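Quick one: the structure is below, and I'll ask about it shortly.
The first chain written gets the first letter, and so on, giving A, B and C; residue counts start at 1 in each chain.
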Amino acid sequence: MAAVDMPIVSGHAADAHGDPHAMYLKAKKGWASWVWTLDHKRIGLMYLTMVSLAFLVGGVFALLVRLELFTRGRTIMDAETYNRFFTLHGSVMVFLFIIPSVPAALGNFFLPIMIGAKDVAFPRLNMLSFYIYLLGLTIILTSLVMGAVDTGWTFYTPYSVQTANSVISMTMGVFVLGFSSILTGVNFLVTVHTMRAPGCTWNRMPLFVWGMYATALIQILATPVLAITLLLLATERFFGIGIFDPKLGGDPVLFQHFFWFYSHPAVYIMIVPGMAITSELIATFSRRAIFGHFAIAMSSIALAVLGFLVWGHHLFVAGMSEFATMLFSALTFLVAIPSGVKVFNWTATMYKGSILWASPMLYAMAFIFLFTIGGLTGLFLGTLSVDVHLTDTYFVVAHFHYVMMGGTVIAFLGGLLYWWPKMTGKMHDERKAKIGFWFVFVGFNTVFIPQFIMGSRGMPRRYYDYLPQFQPFHQASTIGSWILAIGLFTTAYTLLEALWRGKKAPRNPWGSAGYEWMTDTPPPLANYHTSPVFTRGPYDYHLATPEELSTGWDEVEAPAQGKK
Amino acid sequence: MSNVIEPAQPASHDDHDGHSGAHPHFLQHHFDTPAQQFEAAKLGMWVFIATEILMFGGLFCAYAIWRGMDPAIFDQAHHFLNKKMGASNTVVLLFSSLTAALAVRSAQRGKRNETTAYLIVTIVCAFAFLVIKYFEYTHKFHLGLLPGHCFGHPWFSGAIQNGQEVGSCLRIHADAPAGSPEWVRAIDESGNLQVLPPRANMFFGIYFCMTGLHAVHVIIGMSILTWVLIKNIKGQFSKEYFTHVDLGALYWHLVDLVWIYLFPLLYLVGKPE
Amino acid sequence: MNEPNEPPTFQLPEQMSTVAGDIDWLYYFIYWLSVVLFVAIVGTMIYWAIKYRERKGHKAEPTGHNLPLEVAWTVAPIFILAFLFHKGFQGYMDMAIAPANAIEIHVNAKQWAWEFVYPNGGSSAELHVPVHRPVKLVMGSTDVLHSFYVPALRVKRDVVPGMYSSVWFEATHVGHDDIFCAEYCGGRSTGPSGELPYEPSDDPRNPYPPGQATGHWAMHSMSFVETPEDYEKFLKSIGDKCDQYLTQGKPCPADIAAEQGLRLYGAKGCLACHTTTGAPGIGPTWKGIWAKKESTNVGQVTVDENYVRESILDPQAKIVTGFGPVMPTFRGQISDAEIGELTAYIRSLK
């Protein structure tokens, strides 16, 4: 790539942060350089480490919950412990893992690079965001030690006001985490508005960035409502304000409205980044621009907006008026359209492409497979009369795991495998990655398809024990969880192994036309050696030069092609 | 076929003394121009203000819902709020918003001492607000107009109900069955003995939540302005660079604006008497 | 639609109510629609992933545009979704409004058991209903959220403390099904001396024996749909309140709750302010007010069980126009059962 010796435009503070041309992991050394770092890439890696640990903790809770459900009666734990474990599984996974995951780890790392910027708009705020995350994590751990919570991650009143557990510390931990999410959103929004490099018009902006932008919108507008909801719950518990307590004149259903006003948009904070990654993967591994680029970009914004209008579909049997239920059902169907548009566009992108069956692409195709199931099962739940039968059963549990895990987590894993060489400079072992993928894919379906069936047959959720007719489904589901766990551990091992045994990665191992692949692998501290000007789109394979697309595998062995 | 990355045109940044040309000392390394940095900072603050509005929005929503369900309570309970103190607080905050705006203007004109003066006045006003609030709150506690479980238990003046001494509010909380079954009798701000139905605790719950959260933001705003004041005294601002003053004042205007809504909704609405 | 007597399918339980047929039809419509869409999308994806796989001599073609196609697949789903919405809403409205001649059974939910109170005042832990008669359940909770769920009847409704919620159904054939609580409501598995024993039984009627760890999952009961004769027999077996009449040689009143309500009318002192003759007193008369739309100081209210309860516990909340705010509260002086009996009495005063 033609490099011109032109120093980066910088103020004199640049030297305090290291040589802008040095590789970002080498620019400064020592643990202090990590603790006080302002580099979005390092912050992204620190987030990645923490959310991975959170995923491990949440996953262990899940495995234990499923183990308890393997047989009727008491299997490994008593009911109170079970109630705490499923609550912790949900809370840890939602607040400590999935909401920060893609934006804070991958978004932090790649958003500035993808728009040709040197960093995010507010690097110190970014660091603060990370430390607030750590503070929230600590408060939640305190809650765990003090007896944890057994309300379900949704903290419904009046039970959450009455139960003798550490609800206040748990909710205050989540409150603190909310600020981390908000500040990330503020940072991303301002960065995209004010720091795009010349030539990076809105039309040329990568779809991953569009996804991060839409997610930032939701984070900014929805999370404050969660903050006030949890504050009100805490004051209710501590002072007995009475806002949710019927004995004091309050309304328990009001809590549900407040809670879901945030938590429904929150699920779009979870899925839109996953969709954003999928766009990148499909384009790169089909060697083709995404079909309907504008529609995909706009559908992310549409999901962000429409996502605020459908919270009532969590309350169809809770006690809303018929008028309200009708309205929410209609709006819920409306919000299905942008998701459908994306799935059609991704599939169409593969038409007459040149498809590389590398491990990230396997995950991208799995995303389409699993998210389609998740989305279609949402149709059952949006249909009022059918929802009456299915709500609060395992059908709902299976639905949201298909979209959150089969969607976001699958995309996250694909994104990790895709961008691992970029972030670390090392290539992972593709064969192990693919083996891990198949265990994940098969395991995941084995866990959750039986749950659809037992749900529609009447098995309610959050049950410590069950009637005999549901046992075969529960056992199949638990066995699936072990297969899934093997796959996840294999994938984690593959990624970690690459760090010490992986081959040095070429600049562009996948031959992508994306902007982030045009700079060094791994990137220099200031992301680019020269201030970039973008002269083509990130998916313009017909405009990119052969040199830009060269994978460099001619000189090195090509694990991407499955050769050893 | 074009490269995606082209080198930027050489800018006039040959000097690296850091204090002139395109390299002012306050320009952060990841921004290209001071204008870009200022725009980003301003946009960031406005976006953050949007989040604060949404957070208070939840409380205003709760207010609207309860007012809709129980207008009678709201009609009566406002008599227990001291309108004089509330109005004084409004005047204090409005005045402080003026001085905050004037501080920005002096900073814009590079007048350091003037800026310092205006910032100090603003902070003093904020402190005055909190003092008035302290008196309001303690008077309510004295009357037993506490939120929730504590409603009806005069905290400071030794709780007596139905001729029996009742324990402290927080001890009661642990084994209290439900709200206050008895009528609460209290003297309102005009000196009249008023009888409040048990559900009046809801009004006071909302009152304390909203004004309490607002007071927390007043403290946050004061801290921000104090920090800005210190930076100003140290001479870190100039005509070209006064972002902190601008954004600090912007935040303060939000704090004032929330109170402008709180005051009439809590203190002024309801049946006159 | 006629009322089919479908046995359970792989995905859905037996159809035991009048609405189950429509709901199941809609469920399977969505199911097959989903199967078709899924096979189309995923099938195409896999087909193209194989057909256009990267290999020597094969190059990707630049992406074109096809606006008509994009518009088509954005607009066409709207019609299908509108159909689903319409059918779902229709079905939901059918389930929302109980017929006027429905038998009313009261449901008290508490941690962790169901109590069903029948028109004759008797109560049982199980639900018995006659076949081919609409039944309306008026439900309340005394502690936390619960949810009444009977899969075979396709009914589910949250039970919220502080208000009454209701659900209705008409059973189509004799049989039984489980009643589950479908809203998490906690549990207890430790007693004073540590962990409580827990051993579920295989008795479908009583899978969770008492005295053990219990909670949300164990809030189980059974719903029995019976012939009218068997239903009457059941009512007699629980109608202990009839005894006080039978021992005096009087017949058991048809509406025993209302009879009790009449007794309370005097015992609680309501008669001091409310007449049952139609003439207003210090308070409004009770004659003919049931289901009436009254204007109050806060707008119009319908006189239903929620308003009666509120007026007894919180009389200043909504005062009928023309009357003063003088009614005292009975909070702490009246039980939920007695409120129900007074409600039944007011309702009987046509």
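Here, a residue touches a chain if its C-beta (ideal position, glycine included) is under 8 Å from a C-beta of that chain, and two chains touch if they have at least 3 such contacts.
All values reported here derive from a predicted model rather than from experimental measurement.
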Most distant chain from subunit B, judged by the mean position of its C-alpha atoms = C
Best-connected chain pair, where connection means C-beta pairs in contact = A-C
Whole-Å distance, C-alpha centre of subunit B to that of subunit C, is 44
How far is the middle of subunit A from the middle of subunit B, if each middle is the mean of its Cα atoms, in Å?
-> 34
If you average the CA atoms of subunit A and of subunit C, how far apart do the two points sit, in angstrom?
-> 37
Mind pulling the subunit B residues that touch 2 or more other chains?
-> 70, 198-199
Could you tell me which residues belong to subunit A and also touch two or more other chains?
-> 247, 249-251
By residue number and range, which residues of subunit C touch two or more other chains?
-> 314
Subunit B contacts subunit C in the complex at 70-72, 181, 197-199
In the complex, go through subunit A and note every residue touching subunit B.
-> 1-2, 4, 6, 9-14, 17, 20, 117-123, 125, 182, 185-187, 189-191, 193-195, 198, 220-225, 227-229, 231-232, 235-236, 239-243, 247-251, 254, 258, 261, 513, 515, 518-519, 526, 528, 530-536, 538, 543-545, 548
What does subunit C use to touch subunit A in their complex?
-> 8, 10-13, 19, 22-23, 26-27, 30-31, 33-34, 37-38, 41-42, 44-46, 48-50, 52-54, 58-63, 66, 69-70, 73-74, 77-78, 81-82, 84-85, 87-96, 143-145, 147, 149, 151-152, 154-158, 160-163, 165, 178, 180-190, 195-196, 198-200, 202, 204, 207-208, 213-218, 220, 314
Once bound in the complex, which stretches of subunit B touch subunit A?
-> 1-8, 10-11, 13, 16, 18, 22-25, 27-32, 36, 39-41, 43-44, 47-48, 50-52, 54-59, 61-62, 65-66, 69-70, 146-150, 173, 176-179, 198-199, 201-202, 205-206, 208-209, 213
Complex contact set, residues of subunit A against subunit C = 72-74, 78-81, 83, 150-152, 156-159, 162-163, 246-247, 249-253, 286-292, 295, 317-319, 322, 325-326, 329-330, 333-334, 336-337, 340-341, 343-345, 347-357, 365, 368-369, 372-373, 376-377, 379-380, 382-389, 391-393, 453, 456-458, 460-468, 539, 541-542
